[in-house]
Structures are given as structure tokens and as C-alpha cells.
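After this come two complexes, each holding chain A, first together with chain B and then together with chain C.
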Partner chain A sequence: MAVNLRAETLTFLRTAWGRAYPRVVGMQREKSWMLFDVFLPLLQVAAYVYIYRAIGAPPEFTGFVVLGGAMTAYWMNILWSMASQLYWEKETGNLELFIIAPTSRMAILLGMAVGGIFATTIRALGVLLAGILVFRVPMAPTSVPALIGVFLLTLVALYGMGMLMASLFLLWGRQAWHIANLFQEPVFLVSGFYFPVRALGFLVALGASIVPITLGLDAMRQLLYPQMMEGFRFLPVGVELGALAVLGVGFLFFAHRALRFFENLARREGRLTLRGQ
Partner chain B sequence: MGEARMGHGERVTARPSRLAESWRSLKVAAWLGWQIESNWTDPFLFAVYSVVKPVAGALILVFMYLVVARGGLANPLFPYIFVGNAFYIYVNGVLLGVSWAVIDDREHYGMLKYLYAAPLNICTYLVGRGVAQTAIATVATAITLLFGVGALGIKIPPGGVDWGLLAGALVLGLAALAFLGLLLGGATLLTARHNYFVGQGVAGALYLLSGVVFPLDVLPQGLRWVGKSLPVTYWLEAVRRALLGDGGNEALRALPTGTVVLILALSTVVLAVASVLFFRWAERIAHRRGLLDMQTMH
Partner chain C sequence: MGAREFSIETQDLTRVFRVKRREARGQTREVVALDRATLAVERGELFGVLGPNGAGKTTLIKILATLLSPTAGTARVAGVDVVENPWEVRRHIGMVSGGESSGYGLLTVEENLWMFSQFYGMRSGEAKKRIRELLEVVGLADRAKTKIYHLSTGMRQKMNFARGFLTDPEVLFLDEPTIGLDVQTARTLRTFTRGWIDDHPDRTILLTTHYMYEADELCDRVAIIDQGRVLACDAPAALKRGLQGEAVFRLTVDGDRDLGPLLGRVDGVQRFAHAARDGHTELDLILADENALVPVLTAIQGAGARLLSLEKREPTLEDVFLRLVGRSLTEVSEGGGEPPR
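Showing the complex of A and B:
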């Protein structure tokens, strides 16, 4: 029994590492991608910075935009490399191999998440540093450990959500592409990527908190710009930390259940190998 | 399409004129593009999908403005931002619709090689593939503007709109975007792993440099000059003058409206010639290097 558990754990970890590996190493394959991955979001960030400057916003708003612009990298990674990933695998013929492999599908999702976090963090850091340098963003965190804690909890909850979405997307064909596309701008809006989410009203912000970045961004902004955020605070940082922890555990639990349920459903409906639909 | 009789009684189909072939390619591509864009779901979800995304994009700007302005929408900059952003929907739709067709047909459906084996004009085919996106962008732009007028109180009285200028600017602007899309399509024929970045990069640069959501005057001097050399800048200036009566850019205020339209027209012609020449050149290189059926899994 103990041997079985050990062997299963080892297989789980090796699978997760095996799936994370191409995402980590893939970044070396085409180094120019990194340049584009930083440069493209920076164009959007720059446009929003100039809007704030045109309407005479305080300099902290530049910080709001740069931080939000860096976090877009994670949301895009969730949509296109977590949620839609099993759809891409289906299109390229890998999904069948995942299904017949003698390992846990959760380990595959975990590997996708870990590899995605690594690759995306480098991009997000690039956007953040370039934004700080180009636009001279003032940043003075009140508590670095709290800031790191919020950031890490946001990532755990966010990638848990990504794993859950990957299971849901398993059923879809071309819809997956379009739905992922649909979740871009509306989520940038309701999660307050470029302005404090409180501006949408408490209830909308509460509803948007299902996307962990909503709470994470609000908490990070409070820790970075406490004075400016006094008038825009959605919830106290402690409450947001607690909510992020609950979301993280909840998403991981439901991802596990959903993966089994939707895999069986897709199997029964013959959608696991249906391409180009 | 006509028929001719050869000397020993065979009936052969006469080759249609280039114009007829181009028109047919455009029509077929527009129909195909519409099927690809719309038939993945039911009409209701498709309508929601087509509208929610651009309206959400516009609302981001609205809330950014409201947070700073503390509720006041009276600043003339607000209609400037809103109208520019509404018409920018076309940039993504037309530009990426045309250039993305190369990737879609080559990589996803594997059909590009068959298109080259078929009797069609590839340039008009690619422009035709962008027609569906243009139609969707038109609906999204109209809904965004209606939302701005109805819900946010932006003043665009129908009696005050210069409809002739708006129509002329729209035709020229869409033509410029279609040709820019063709130029990107040519670049896409030659690139393997940068297809996505090429389109997004150009669209992003236009967003930043063409005075879409803030006046050119806010940009640093060097970037302002780049912005002044782009047709999209003059397109948006003409559209704003037609709808709002004022282009909003101090940097272009000295230009009479006729001059703005003339610059737009001339830059569109230059772009058209450059795009077709570049596409044909890229096509020859792609033929020679065997890139027309390239599969890069990206």
C-alpha cells in the first residue's frame, strides 16, 4: 500500500514536471517571443498611461495601469494556455495520448499550471520593469511580505481556476477559441485591470471577485499605494487574502471533480477526438 | 463565364476576365469567412459575443475616465476617447481579419495550397475573408456609439453629422485597413512563429500612435511625427470631424477637412500599391521556398 502510494506520488510528480518542462524550455526555442510578449502588452499599457496623463490623473494611476498590464499576462495565460489547452491538444492529436497515459490528468493540469506560471512570470516581470522604467512609476510597498503573499495566493487561486476551466473547455470545439476570446476585455473591465475595481460599485466588484485577479490586484494596489487607494478600497487586505485562500482551495477541489465529470461526458459524447468542429 | 468551341469539336470554358475572377473570389471568400466566423454557435450567442467584447473594451475607457473625473463626462476629451475607441474596433476586425486568413488557411485548415491551385485572385480572396469581420465590426461600432449616445450622453445629433464626410472617410479608412491587412498577410506568408505577433503588434502600435484614445499632442515629439504619418490618424480625425464637429487633435487643427481627406486618400493609394507589390513579392518567395503549405503548429 505504502509502495503504491509512493509510486503513484512519484508518477504524479514526474508527470507534472514532464508537462511543465516544455513550457519552461519552450521559452528558449524562440527567444524573440519574449520580446514580443513584453512589447505587445506594453503598447496597451502605454496607451492607457497616456489616457490618464491626458485627463490629468495623479501619477499613482500610471502605477495602477502598469500593475494591471503586468497581470494581464497571467489572465491571458489562463485563457489561452490553461483553459483552451486541452482544445489545442485535441486539435493537434495529443489529447488521446494524455487519455491513454497511465497517469493522473490532474498532474498534467498541474504541470501546465507550473510551467505557465514560470513562463508568464518572466513576461509579467518584463512588462512591470519596462513600465516602471519607461513611465517612471512610483512604487513604495507598505509591506513586502504581504505583497508577496497576496501575489502568490492570487496565482494559486488563479491557476486553480485555470485548471477548472480546462476541464470545462474539454467539451468544446471551436467554441473554446471564441469563449476564451470573449473572456478577455469583459474580464479586464470587471476585474479592474486598469482602474480600481471599486469604481464599478461594491456588488459588481463582489461578483467579479470570482476571478482571483480582482482581489489580488485590489490588495496589491492597497499595499503599493495606500493613500491613493483610501478612496477606492474594495475590501481590507486581510479579507482579500482570506478570500483568495478559499478560492484557491475551492478551485482546486472543483477542478479535480470537474475533470473527471467532463472527461466522462466528453468520452460518452465522442468529443475527445473530434477535430476541426 | 463564357464557352468557346475548339476546332475538333471540344467545348472548353473560356477564362473569365480578371475583374470577374476577382469579384467572384471576393464573394466566395466573404461567404466562407462569414461561415467560419459565425457557424460555431447559435445566432444569439454569436450576437452576444460580437457585441460584448467591444462594448466591454469601451467601458474600460469610460471607467478609467470616470475614476479620475469623479463622475463628470462634460470634458470634450471624453467624446474624443469614446469615438476613437469605437472606430478602432474596425482596425482589429479588418486588419486582423485579412491577415489572419493566411494563418487560418495555411495552418489550421491546410487549404492555402488548394487556393493557389484554384482559379481565383488570392488578393481579393484575402480581402474577402476580412469582409465578415468588417460586418461584425460595423455592428459592434454602431452599438458602441449608440450606447455612448444613449447611456453616456455623448452628443452626436443626426442633424449635425456630416454624413458625406463620414461615408467618404469610412470607405477610405476601411480600404486603407484592408490593404494594410494584405501587407501583413504577405509578411505572414514568410513567417513561421511570429504570425500572431505581427498583426497584434501593428494593431497595438496603431492604437498607441494614431490618436485613437488620446490626442496626438500627448505623445512625445518623435512618436507624434510617426502618428502624423499614419493613414489611420487622418481617418479617425475625419471621422471625429464628421461626428463631433472637431477632430480634437491640436496637432492637426490647422489642416482643413478637405486636406485631411486628401491626405487620407493619397496615403491609402500609396498603401494599396505598396501592399499589393509586397504581397506579390512575398508570394513569389513563399512559392520558391515551399512555404505555402508550411505547418508550424502555431
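Showing the complex of A and C:
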């Protein structure tokens, strides 16, 4: 039993690393991402920065926007490289090989997430650094460990959500594309990527909190710009941290259950192998 | 003691798909992909499933590989029920499909293979050693460091083959593995497959194909399948022996002619298939005996056709299929029946 558990654990870890690998090395082999993933988001950030400057907003607002711009990379990664990924894997024939392998599906999703986090963090750092240098953004974190903690917890919850979405997308075909499109812009808006989410009102912010980036961004802004956020904070940082932890555990739990359920359903309906639907 | 060990057993295995009707929105119709298929494949066998496109071969493999649930019937792989315990089945199987485009283009051949080895929990060092050996065997060693989006179809399929054999699975499913490959690559892979099963008598391969030649050359036993039903199952030689009381001829007549109605009326013609080729018509005939040839030739002459060639052939699996189904395998597979020998 102990040997089995050890073997299973090793297979789990090897699977996760095996699936993360393409994303980790892929970045170094496709340098063109620099243009698309750093320069283009920076243009969008620039639009908001110049609006804030034109209306004479305090310089911290530039920081809000740059931070939001960096975090958009994660949301894009969740939609296009986590949620809809199993659909693409089905189209290329990888999904069948994932399914028949004697390994945990959660390990495969974890590998996708870890690889995605690595690749996206480099992109997000690119946007953040470029934003800080180009727009001279002031940064004065009250607590670096707390900031890192919030950031990591946000990623856990966010990628847990990505895993849950991936299991739902297991069943869908081309609809996956449309659904991912549908989620992209509205979440940019309601999660407060370019402004403190409280500006949308408490209830809208509460609803938007189902997307962990909403709480994560608000908490990170409070830790970076405590004085400016006093009038805009949605919830206290501690509450947001707790909520992120609950979301993370909840999403991972439901992802595990949903993955098993939808895999069985897809096998019954013959959708695991049906391409081009 | 002495009881036969079956690696694969199916009993009345059936799969029905519901597909949308084109003509009636919102309505579905049922398509029977596999119809009460019963098979038993012994450990150590290279077992072939021969049939035209759409015969149910891939559906059978998908069910056995735990990718698809059967609608009815049972299937066991390595002694484990595929519906009750798919997880356990997966510890024993591997699969390679023809025309597969699996893997990630940005990774090299050896990186892709290493990635798949990790899903089986192989140690990295052991996996890399095995990958080198397999790439050598399939003739892809010089491409180990090539990113797979630079590979040709044949090279990619060699890589897929290497992946299938990487974990030395107890039961390996090869679904049309040489489809679309050039002659040389197909031959390399067939030779490797036969060699592997000969060297590993405790392993089993189930291979589906619509290439008659491939099934004949490679397989210990062959099941002939059409429209989801298993029509016959035996060693290729035994299947062909079943036709030895009959006479098998191939005739070529000038022009593109439909001689079907004419031949259908000639006594002694058991089965026939005709195909247009290079401006002529090629006829494959199974006759009750050689005496039936004279009325066939008379009828052809009476129709104004000129006989260009006449050949008496030894029966092939193609003839067995024709005898069982009433259509030629090549004809049903719409040009896909030409084997890449």
C-alpha cells in the first residue's frame, strides 16, 4: 500500500512536470510573444494611463492600471490556455492519450496550470516592469510578504477556477471558443482591471468576486497604495485573503469532482473522441 | 492448466450513436457502429480487425481503450472489465492511431516522447534510454532533436509508434497505423510491429486496418468486420482456405462498363466486384468452379466488351471479404484499399 501510494505520488508529480514542460520551454522557443504579450497589453494600459493623467488623477491611479494590466495576462491564460485547452487537446489527439494514461487528470491540469503560471508570470512581469519604467509608476508596498501571499493565493484560486472550467469545456466543442470570448471582456470590466472594483458598487463587486482576480487585485492595491485605497477599498485585506482561500479550496474540490463527472459523461456520449464538433 | 488466456474478450459488444438529422432540426437518428461483436484474442497474438472505413473498427478500439462506453455487451482487457474498472485497464494498454497529430510542435521528438513517458510514471533516465533505443529501431534517431512541426507525416507516425511502444504495454491497440504512409515507412513499421510481438510473447497487439495485404502479412488471426458486425474470424490462411473449392479470377475488359447486371444473371457466379481502372474495367470474380468461366466470357463478349486479360488467382483476404459481404474491400473503402506495401 505504501509502495503504491509512493508510486502514485511520483506518477502524479512526474505527470504534472511532464505537462508543464511544453509551456515552460515553449516560451523560450517562440520569442515573438514579447511583441504580442507585452507590447500590445501595454498599449491598452497606456490608454487608461493617459485618460487618468488628462483628468488630473493622482499618480497612484497609474499604478492601479499597470497592476491590472499585468494581471490581465493571467485571466487570458485561464480562458485560452486552461479552460479551453482540453478542447484543443481533443482536436490534436492529445486528449485521448491523456485519458488512456494511468495517471491523474488533476495532475495533467496541475501541469497545465504550473506551466501556464510560469509562462504568464514572465509576461506579467514584462508588462509590470515596462509599465513602471515607461509611466514612472510609484510603488510603496506596506508589506512585501503579504503582497506575495495575496498574489500566490490569487493564483491558486484563479487556476483552481481554470481547472474547474477546463472540466466543463471537456464536454463542449466549438462552443468553447465562443464561451471563452464571452467571458473575456466582461470580466475585464467587472473585476476592476483598470480601476478599483468598488467603483462599480458593492453588490456588483461582490458578484464579480467569484472571479478571484477581483479580490486579489483589490487586496494587492490596498497593500501597494494604502492611503489612496482607503476611499476605494472593497473589503479588508484579511477578509479578501480568507475569501480567496475558500475560493481556492472550493474550486479545486469541484474541479476534481467535475472532471470525473464530465469525463464519464463524455465517454458515454462519445464526445471524448469526437473532433471538429 | 492449459486453459487459454485471453488478453481481450468481448461479448455482444454494441455501440449505438445518436446523430443529428440533417433534414429535421432537433431530431436524432441512431447509428449502430458496433453490433453484438464477440471476439477473444489470446495473449501473445497479433490480432487483426479488417474492414472498410466505417465498419466499426475504431469504435471497437475506443471502447477497449476506455475512451468510449459500450451501449450494450461486455469487454475485458487484460482480464479487467472496461466499464467497471477503466482505471485498472489503463495500466495495461497503449494506443497508436493512424494520422495522429498528437504532441506539441514546439517540442522536439525526444521531448514529446519524454513527456508522454512521464504520464506513465517512468523515471526520466530510463525513459530517455528507451526513447533512444526506439528511435533507432524506427529509423528516427537522426531526428531526435527536431521540433515535431518540422516532421513529415511519415516521420511523425514513426514517432507515434515509438510512443506506443515506449511503456512496453501488455496490450497495444494500433488503429490503422500505416494509413497515408509511404511504402518504405509502412514497411518499416510493419516489420517492427511483427518483430516486437515475436520478441514479446506475453504481449498482445490488436491492429485494425482496411489494407488486406497488411492484415494478411502481419496478423496471426483476423476478424473481418463490416457494418459493425464480425463476419468471420480465423487465421488468414484458414480464411482463404474456405474459398478453395471456388475459382477466383481477375479479368480486365476494355472501356468503363457496368457489367454488374449482366454477371448477376450468369450461373456459377458467386460474387463479383468491378472497378474502373486506367480507362478499363477490372472484374474480380468468385465462381462456383472453373467451368463457370465459359458462360462468363460468352456473356462479356455478347455485351460487346473486349477481354484484355484473364488471370486465375489464389484467393486473398480481399476475396474472402467479397465472398462474405458481396462488395470488394477496395470498393467500400473508396480508394483506400491499396496497401502501401
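Here is the rule we go by: the second predicted complex is superposed on the first by the 276 of 277 C-alpha atoms of A that agree within 3 Å, B and C clash if a C-alpha of one lies under 4 Å from a C-alpha of the other, contacts with A are read in each partner's own complex, and residues count from 1 in each chain.
What we mean here is this: a contact is a pair of C-beta atoms (placed from the backbone, for glycine too) under 8 Å apart; a residue touches a chain by one contact, two chains touch by 3 or more.
This one's a predicted model, so the numbers in the text were calculated from it and none came from an experiment.
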| item | value |
| --- | --- |
| Side-by-side fit of chain B and chain C on chain A, or clash | fit |
| First, second, both or neither for A:Leu40, with chain B first and chain C second | first |
| Partner chain(s) touched by A:Val25 [first = chain B, second = chain C, both, neither] | second |
| First, second, both or neither for A:Thr103, with chain B first and chain C second | second |
| Partner chain(s) touched by A:Tyr87 [first = chain B, second = chain C, both, neither] | neither |
| Partner chain in contact with A:Tyr50 - chain B first, chain C second, else both or neither | first |
| More chain A residues in contact - chain B or chain C | B |
| Which of chain B and chain C A:Thr11 touches, first, second, both or neither | second |
| Partner chain(s) touched by A:Tyr74 [first = chain B, second = chain C, both, neither] | neither |
| First (chain B), second (chain C), both or neither touched by A:Gly270 | second |
| Angular separation of chain B and chain C about chain A, which is computed from CA centres of the superposed model and rounded to the nearest 10 ° | 80 |
| Minimal inter-chain CA distance - chain C and chain B, angstrom | 7 |
| Chain B and chain C contact sites that coincide on chain A, given as residue numbers | 30, 92 |
| Touching residues (chain side chain B, partner chain A) in the complex | 40-41, 49, 52-54, 56-57, 59-61, 63-69, 75, 77, 81, 109, 193-194, 197, 200-201, 204-205, 207-208, 212-215, 218-219, 297 |
| Chain C - residues contacting chain A, complex | 15, 17, 62, 65-69, 86-87, 90-91, 93-95, 97, 100-104, 106-107, 111, 114-122, 147, 163 |
| Residues of chain A defined as touching chain B within the complex | 30, 32-33, 36, 39-40, 43-44, 46-48, 50-57, 61, 92, 173-175, 178, 181-182, 184-186, 188-189, 193-196, 199-200, 232, 276 |
| Complex contacts: residues of chain A adjacent to chain C | 7, 10-11, 14-15, 17-19, 21-22, 25-26, 29-30, 92-94, 96-103, 108, 267-268, 270, 272-273 |
